[in-house]
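Next up: some structures, all given as structure tokens.
The same subunit A turns up in both complexes below, where it pairs with subunit B and then with subunit C.
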Partner chain A sequence: MRNYILRRLLILIPIMLGVSFLTFAMFRMIPGDAAVLRCQLGCTPEVLNDLRHEMGLDRPWYQQYGDWLWDVGHGDLGKSLTESRLPVTTELDRRLPITGELLVMTMIMALLLGIPPGVISAIRPGTPLDWLARLGSVLWLSIPSFWLGILVIAFGVSWFNWTPPQFGRGYVPFMDDPWVNLQQFFFPSLVLALAIAAAIMRLTRSSLLEVLGNDYIRTAWSKGLRERTVVMRHALKNALIPVLTIVGLQVGALIGGSVIIESVFNLNGVGKYVLEAILRRDFFVVQSVVLLFAVAFVTANLVVDILYGWLDPRIRYG
Partner chain B sequence: MAREVAASIAFEEAVPPRIPALRRALQMARKHPLGVFGVVVVAALMLTGIFAELVAPYDPLAPNRTTKAFAELAAPVDAQTDVFTVKDGADLGYGQTVGIDSEEIIVLIIDGNTITVQRGAEHTEPTSHDAGAALGSSTVDSVSGPSAKHPFGTDRLGRDVLSRTIFGARISLMIGLVAILFGVTVGSFLGVISGYIGGLVDSVIQRSVDALLAFPPVVLLLAIITVIGDEDSAVRTFLAHHTPVPQGTFLGVPDFLSIFVISLAIGLAVVASVARVVRGAVLSIKENVYIEAARAMGASDSRIMWRHILPNVAALIVILASITLPLAILAEAAVSFLGVGVPPPVPSWGADMTGPNRELALSGTWWPVFFPGLALSLVVLGFNMLGDAFRDISDPRLRGALGSGNGRGL
Partner chain C sequence: MAESTYWNRFWRRRISRRAVLGAGAVGALGAASAAVLGCGGGNGNGNGNGNGGPNGIGTPVAGGNVTEGRLINALGIDPHIDLTGLDVDALMYAYLYSWNRFTEERVMNNLATNLETPDERTFLFTIRPDVVAWPKGPAAGEALTSTDCVESFKRRGTAITAPDKRFPQRIEKYETPDDTTFNFYMSRTFVPAAREMANPTWAIVPAKVLDKYPNLSQIAFGNGPFMLKEFRGSERIVLERHPDYFLKPRPWLDTSTYIVITESSSLLAAFRGGQHDINGAVLTKTTAQEFIDDAKYKVSQAPSLFYPVIHMKMRDPWRDIRVREAMDLAINRKEIIDVIQDGEGNYNGPIQWPQVKWALPQQEVRDFYPHDPEKAKALLKEAGHPQITTKVKYPEVPGAPIIADIAVLIKSQLEKVGINLELDAVELGAFIGNTLLPGNFDLAFFPNLPYDEPDRPLSFYHSKGVTGTGNWTNYTNPELDKLIDAQSEEFDEAKRIDIVQRAQRMILPEHGPQITLTGGIAYFARWAHVNLGPADNDLETPVPGAVYGPAGADIWTDKR
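This part shows the complex of A and B:
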């Protein structure tokens, strides 16, 4: 077990190197760099060169990449190339709690909206309830989050005269004012959660249906156990194993979705940060944040793999 | 000889009685009503996309469809300022625009009964001269709600939202198809090579795929678009000068080159996952005896790959393409929504949901954003239902198991 985790963590290293190098290489291919974007009006070649020098963009590429890598190894994620020159870590300190809360709330909502309907539609297949749950899941899968997000805000304003609080006053931490904080995150998380909930619901349904057909379930029934016990204690635990995989894989989608939803709901999180950085060719920021995303994604999947063993003792780590 | 005859008789007996294709289709349709819905929506998308000029009631790019002389609607509070009052009975929405000439756009911010004049160009303070010019020589393109004349209403520039939504279908379809064609072709090519050749080639391709899949999909797409979508990017320059990709208006789409580049970017973003799935299938197919037989007969590696293996993964590739097409359409809308996709005047569902239309929506003018989004949702829904029915028919074991459609954070 420990060897397995260690090996998986070792695999992280080449993936991280690959991800960061790909990002680095891609952004080097863009003709105009951050220096060009920063000096637009009345920019002489001398000024441009000075800017490049200040940003360190005049060094050979391997040196730039190597230095960045060295700094990251020492916990320094580099500085923004924009005028502010803010260190990435400072920005992340401010923004990570926002994105973190968004992602956690989204995941909780996705599980709450996904698993119970999935279970109900699996134990009552063919009923109107099943039909409703399945229709809902196809709908949630098809509605783009950014459209739904805008509609929530638009109709919130015109029908209830309600705007998400972050538009007026910025992020309010949960500790300062839990009620306002939840208002800030409820709709973004709900909108982002729907598609994931739909995927979870579909998988829960099909996987539980399959498990319910097993012999040991028939045994449980014939022992005279109540339906509740059969489904909850005997079937669901096994049925949730494939669901767990989807949850792990959805973390990537979730992080990508946060980029869009943070922009729709005006949340100053990491997603909005990376979007702005991409648009400004601020490539050290993009590189560092993408690296962070990749670490989060790979770690989430590692956690899922470890949880497997806990849910299903038959699984051995090779 | 006798054995061959016996075998062929046995074979014929094994074939179920033939049902006329039409009746079989009807049977299938009755069993999968949602699939029929999918077929209808997808067919409608294709037809509207192809025949947009015939279906759309107005030109999607032309403003001025419901213009009124500005002077009829508002009067200046006093001659020296740029504040106006709305005349009684004049119905003005929010953020009307007035064009003084083709170069400039003056935005009128309407709040209750007063109108403030703003220049579209930043850093320039509006003057009473602008207001006077606006009053004297121009007309107001009004945002108007859904009506008999404009069933979906008109947007900030007075453009017909229905026509824009219809032309948006063409953009979506075009980008989706080009992206899939490109992405699935390249992905399958890499997948077959990686799976068949193995060794170092396989390792290099698969480690690159690992790295690409560790990117959140939206971020990867944004990065690719920034790289190849740039005005002077190498890809764009190459396409413009060395390939027959038209640069101007093509098939009724303005700025075709930009649209094409975005399609390529979206296609590139799906290469990794296609390559991964195809490689898996190739790994199991290459163990078959007929591959060994082909090799024994002296077939070259490339012949085995493209004549023996590729046809056997073709069905999988088609399914992959059908799952990825709605994703590509969603991806186009998402990047256009984020402002890096289809450039402004081009009618695109995603682009029409952002910028000024989004601001309009936030103040209650919902239709310019609502209808393009509705069309997008319907199309994705149609593809998802089609895909579900298709999987039900082709492999009942997969019923509802494969997470189709969205699920990629769009």
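This part shows the complex of A and C:
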């Protein structure tokens, strides 16, 4: 197991290099740069050149990439190219807890809203409960999360004169005020979680239905075991393996979704940060955040791989 | 310069009590966009609309907080360099004087008490001895001096990213005979300088602060009505009262807060939910109507200086004046006003209509722009281009769907005469960098920036263009260049108006390279407990005349 984890961690290095180079290359292909956007319409070519020089954008591409990579290797993610000139690490310090909390809460909600209905749907196929769960999953998969987010805010104001607290006072850390913090994150997490929960529910249902048809489950029934024991102890664990794979892959979708949901719910997390950075052609920010997202994605899938072994002891890591 | 000119009269006028008391509430209304627009209008004694109680100043009450929603991040608050936080800068720094954008007059209600201009290139300021820095920072409690003015002017004029340096580049010499006399001399006359100095980028910052903090992007040590308490430009900005402000007991508020919500529907929802007191987004009449109808809110309106324009590259087919005229004739400006601007607005000539002093008379502009599709078709046929298919590039700006709406409407109008537009929405950064500045377009459509001085709008028709290095449409007209240059050096206002109008009358029959369309009315909503002081105006006919003053000093709130 240890060797396996070490190998996977080592594989991270070429993945990171590939991701960072691809991001760098693609970002260079987008027209416009940070200097142009700071200069705006009245910019003379001389001023533009001076600005590009000051930002280091006039250096050869390999030098820009190499310098950035060298700095990242030394723990320096660079500075924003906008007027703020804030170090990327300073902003990440502020914003990572926000996105982290959003993602964790979303995943918890997605699992809570996805697995139990999936199980109920599988063990009571064809019943109104099954129909309800399947209908719900189709509904949540069909509705774009940003639209749902806007609806939550609009109806919150119209019906209850309520808006998320961050609209009035900004982010409140959990340790400062747990109640306000939970209010800030409940709806964004819920909105983001629904589509993921729907996918999990459908997969749990189909996977469990398949497992429930296996011989060893028939054996369990014939032994006179209770339904709860058969389903929870014998069937669900095996049925969850494909679900776990989906959960790992959904981390990517979750990170992508957070970019939009953070904007709609005014959570100043990493997603909103990178979106604004792309619009401002803020190279260091985009490059560093994409790298961070890639690490998060790969790590989440590594954790999933490790969990396979816990769910199914037959799985061995060579 | 003749003694009787408009400029002399206004430049030497004494400070009126009204002007001193007149809050810059207008400047505080509405995040960065409103700061640029300078919303407001009316002079505090209008007829109101009955939705906000008696319209007037009322008795200010000290204390409390007013929170304003912002649609854009304040990336930095260095007044000489950063543009996204200018509305915040205006509350934290002193300026030589203020500017009323409607009457286009200087309001001597700030650092300078008097300005003498013995000739067109000499500016002699007398400054107050009692404008002091905040009681913290390198210049804590010290009075601003003429040296601070010189250092601030130099910094504003030389920073790489400082906007528009034409004025500072012409300053030849500074003089500081004593602490309260600040003189400078220009090498060439430049009339727009009068407006420039009241621009929020011309803040007077204590020299000691500039020495110690070369970068003021994330910190501030100013001398305006409010002090910086907390700055997180993408989230929250909190300002607190400057206890030694020279207009004591102003400012009335204990704190002034900005909340940044970059999604426009969320910003509006937060305003409705009472999370902030002043809605920072510019509203259309339709979206403002619910607030107009509800006594809990007050709504102000002002003509919008953002003006949509079409730029044409001077090559085939647009090189042919008949094609350009056909395009002008095919555009139904009245329909744009009716459909996009809720029936409110006017036609823009080369200078937009709210600049009443400089714009051509509205009737003249309307008469010049008839909607005549048949004549347009005939002209296109005569020019040998009965059908034109071309791409029009326009910027995609988050939170501004109106740009695409106008583009779609124009497309439908032009295709009726045989000009078929392929709409190409370009992300804003790419639009500026790869479309506009290099002139990489056949047609480009965009909302031009708000200008309240005639020089910049006219520069789009100058051979040197707005950048001074060449017109991105390749348009050249030496006779027009002479007029545009002449107006920037003509201090006699009557003569300058005449030149500006002659230039516009020369531009109109050219039907390009910039086709101007229409300008509408912008609405700004706030909760009724927010009082803007003398500039409090509710819904009034947007007649120019708002009082401008040190921004934010006179805002007060009933809410505790």
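Heads up, the rule we're going with is that the second predicted complex is superposed on the first by the 314 of 318 C-alpha atoms of A that agree within 3 Å, B and C clash if a C-alpha of one lies under 4 Å from a C-alpha of the other, contacts with A are read in each partner's own complex, and residues count from 1 in each chain.
Quick note on the criterion: contacts are C-beta pairs under 8 Å (C-beta built on N, C-alpha and C of every residue); 3 or more make two chains touch, one makes a residue touch a chain.
Just so we're clear, the structure is a prediction, and the values are computed from it rather than from any experiment.
Aligning the two structures on subunit A places subunit B and subunit C in a clash.
Of the two partner chains placed by the overlay, only subunit C lies in contact with A:265; subunit B stays clear of it. In the superposition on chain A, A:276 makes contact with subunit C only, while subunit B stays out of contact range.
Of the two partner chains, subunit B is the only one touched by A:256; subunit C is not. By the document's definition of touching, of the two partners only subunit C reaches A:85; subunit B does not. Look at A:169: by the touch rule set out above, it reaches subunit C but stays clear of subunit B. When the two complexes are overlaid, the chain among subunit B and subunit C that reaches more residues of subunit A is B. Contacts of A:153 after superposition on the shared chain: both subunit B and subunit C are touched. Look at A:44: by the touch rule set out above, it reaches subunit C but stays clear of subunit B. Judged by the touch definition given at the top, the superposed model places A:138 against subunit B, while subunit C stays out of reach. Legend: residue contacts after superposition of the two complexes on their common chain; A:66 is shown touching neither subunit B nor subunit C. With chain A as the common frame, the single stretch of subunit C that clashes into subunit B is 416-424; none of the other options in 56-64, 218-226, 236-244 or 416-424 do. Shared contact residues of subunit A, touching subunit B in one structure and subunit C in the other: 30-32, 150, 153-154, 157, 263, 279, 281. Partner subunit C is touched in their complex by these residues of subunit A: 30-33, 36-45, 47, 50-51, 54, 82-86, 94, 150, 153-154, 156-157, 161-163, 167-171, 263-266, 268, 272-273, 276, 279-281. Remark: subunit C residues 67, 73, 75-76, 78, 81-84, 160-161, 163-164, 215, 217-218, 232-236, 259-263, 265-266, 269-270, 272-276, 398, 427-434, 436-437, 449, 466-469 touch subunit A in the complex. Across the complex, subunit B is touched by residues 14-15, 18-19, 21-23, 26-27, 29-32, 134, 138-147, 150-151, 153-155, 157-158, 192, 195-196, 198-199, 202-203, 205-207, 246, 250, 252-260, 263, 274-275, 278-279, 281, 286, 290, 293-294, 297-298 of subunit A.
Note for the complex: subunit B touches subunit A at residues 34, 207-208, 210-219, 222-224, 226-227, 230-234, 330, 333-334, 337-340, 350, 353, 358, 361-364, 366, 369-370, 373, 376-378, 380-381, 384-385, 388, 399-401, 403-410.
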